[in-house]
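Here is the structure we will look at.
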Amino acid sequence: MPYVNLKLLGKLTREQKAEIVKEFSETLERVAGKPSEHTYIVIDEVEKENWGKGGKLFSDM
Amino acid sequence: MPYVNLKLLGKLTREQKAEIVKEFSETLERVAGKPSEHTYIVIDEVEKENWGKGGKLFSDM
Amino acid sequence: MPYVNLKLLGKLTREQKAEIVKEFSETLERVAGKPSEHTYIVIDEVEKENWGKGGKLFSDM
Amino acid sequence: MPYVNLKLLGKLTREQKAEIVKEFSETLERVAGKPSEHTYIVIDEVEKENWGKGGKLFSDM
Amino acid sequence: MPYVNLKLLGKLTREQKAEIVKEFSETLERVAGKPSEHTYIVIDEVEKENWGKGGKLFSDM
Amino acid sequence: MPYVNLKLLGKLTREQKAEIVKEFSETLERVAGKPSEHTYIVIDEVEKENWGKGGKLFSDM
């Protein structure tokens, strides 16, 4: 019953999202024996103004 | 001091959100003795392109 | 496909957890039309030393 | 390697976000010895209709 | 700057965790161009008593 | 109504947690006008075996 939340900076195409969902699900099935049917994956695309690293927003770098 | 994060696919009406918040809060008060005043509930409405299950995006099903 | 994460202070009994999971799932089915079979609920029981409010840890109140 | 997720009601200006990211990162470096370079901070600005407290949505208060 | 949170039922061995971290990171680098050096992955192993599905705890199934 | 979730590698002392909660709450009050009384902060201390970076677990570095 895995649940995966992926947060990343910027946007992905639908093709990229589909590929990531496919690969993550297959990895969890192959490595941990979790049937891919039960794996939920939620993707959050975060704007540069809402992600900080090293004390700064990405929009200010 | 409960904090609840609800993620679901698609959109809800304001009436549905209000009803869910009311019911979840009452459940936590009745079952676990948590005063509803202290319960925070955050709802994330996720697009089909950002939720995968069974190795596929919902937008591709 | 709802996913719910509940965080609360302290411990619950198994009976309380079971009742919360039942009630939350029924609410999502009744109010939002989400089949309870697809609802995942993850409960995190947080220690007083790891939850702050009003600028203080609960373990220091 | 801290990861911080901040959820709050309503919108912040970019200046407010930048200041929060700076302060949180400095706090983690000063208090816990975590180099600010390794601290990720993700900010979620939540609409009133998607946050409940006391059994009600903020949009209904 | 991806951040991944994986929640799953039960325990994994260290070898399984290492393999999942390796595969997820490589997928994000190959598909989305995210340098693996910047990818954080946090794994939460959840007890059966703390995960519900279909209105029931896994510990009661 | 801010909610903050801090995840970090390893353990903190209670004094460190108390100081972080105090500082984060004051920052949100000073910068964003959020009364510290309404700020919840949850701290997750993550083991080295459960955090990956650069494709490796910290326990394997």
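As written, the chains take the letters A, B, C, D, E and F, and residue 1 is the first residue of each chain.
As a working rule, a contact is a pair of C-beta atoms (placed from the backbone, for glycine too) under 8 Å apart; a residue touches a chain by one contact, two chains touch by 3 or more.
Here the structure is a predicted model, which means the values were calculated and not measured.
The set of chains in contact with chain A as well as chain D comprises B, E.
Centre-to-centre, using mean CA coordinates, chain B is 21 Å away from chain E.
Centre-to-centre separation between chain D and chain E, using Cα means, comes to 24 Å.
Shown for chain A are the residues in touch with two or more other chains, namely 1, 3, 7, 20, 24, 40, 42, 51, 53. Touching pairs of chains, sorted by label, consist of A-B, A-C, A-D, A-E, B-C, B-D, B-F, C-E, C-F, D-E, D-F, E-F.
Of all residues in chain B, those touching chain C in their complex are 1-9, 12, 16, 19-20, 23-24, 27-28, 31-32, 34, 51, 53, 58.
In the complex of the two chains, the chain C residues touching chain F come out as 7, 46, 49-57, 59-60.
Across the complex, chain B meets chain F through its residues 1, 3, 40, 42.
Contact residues of chain C toward chain E in the complex are 14, 17-18, 20-22, 24-26, 36-37, 39-45.
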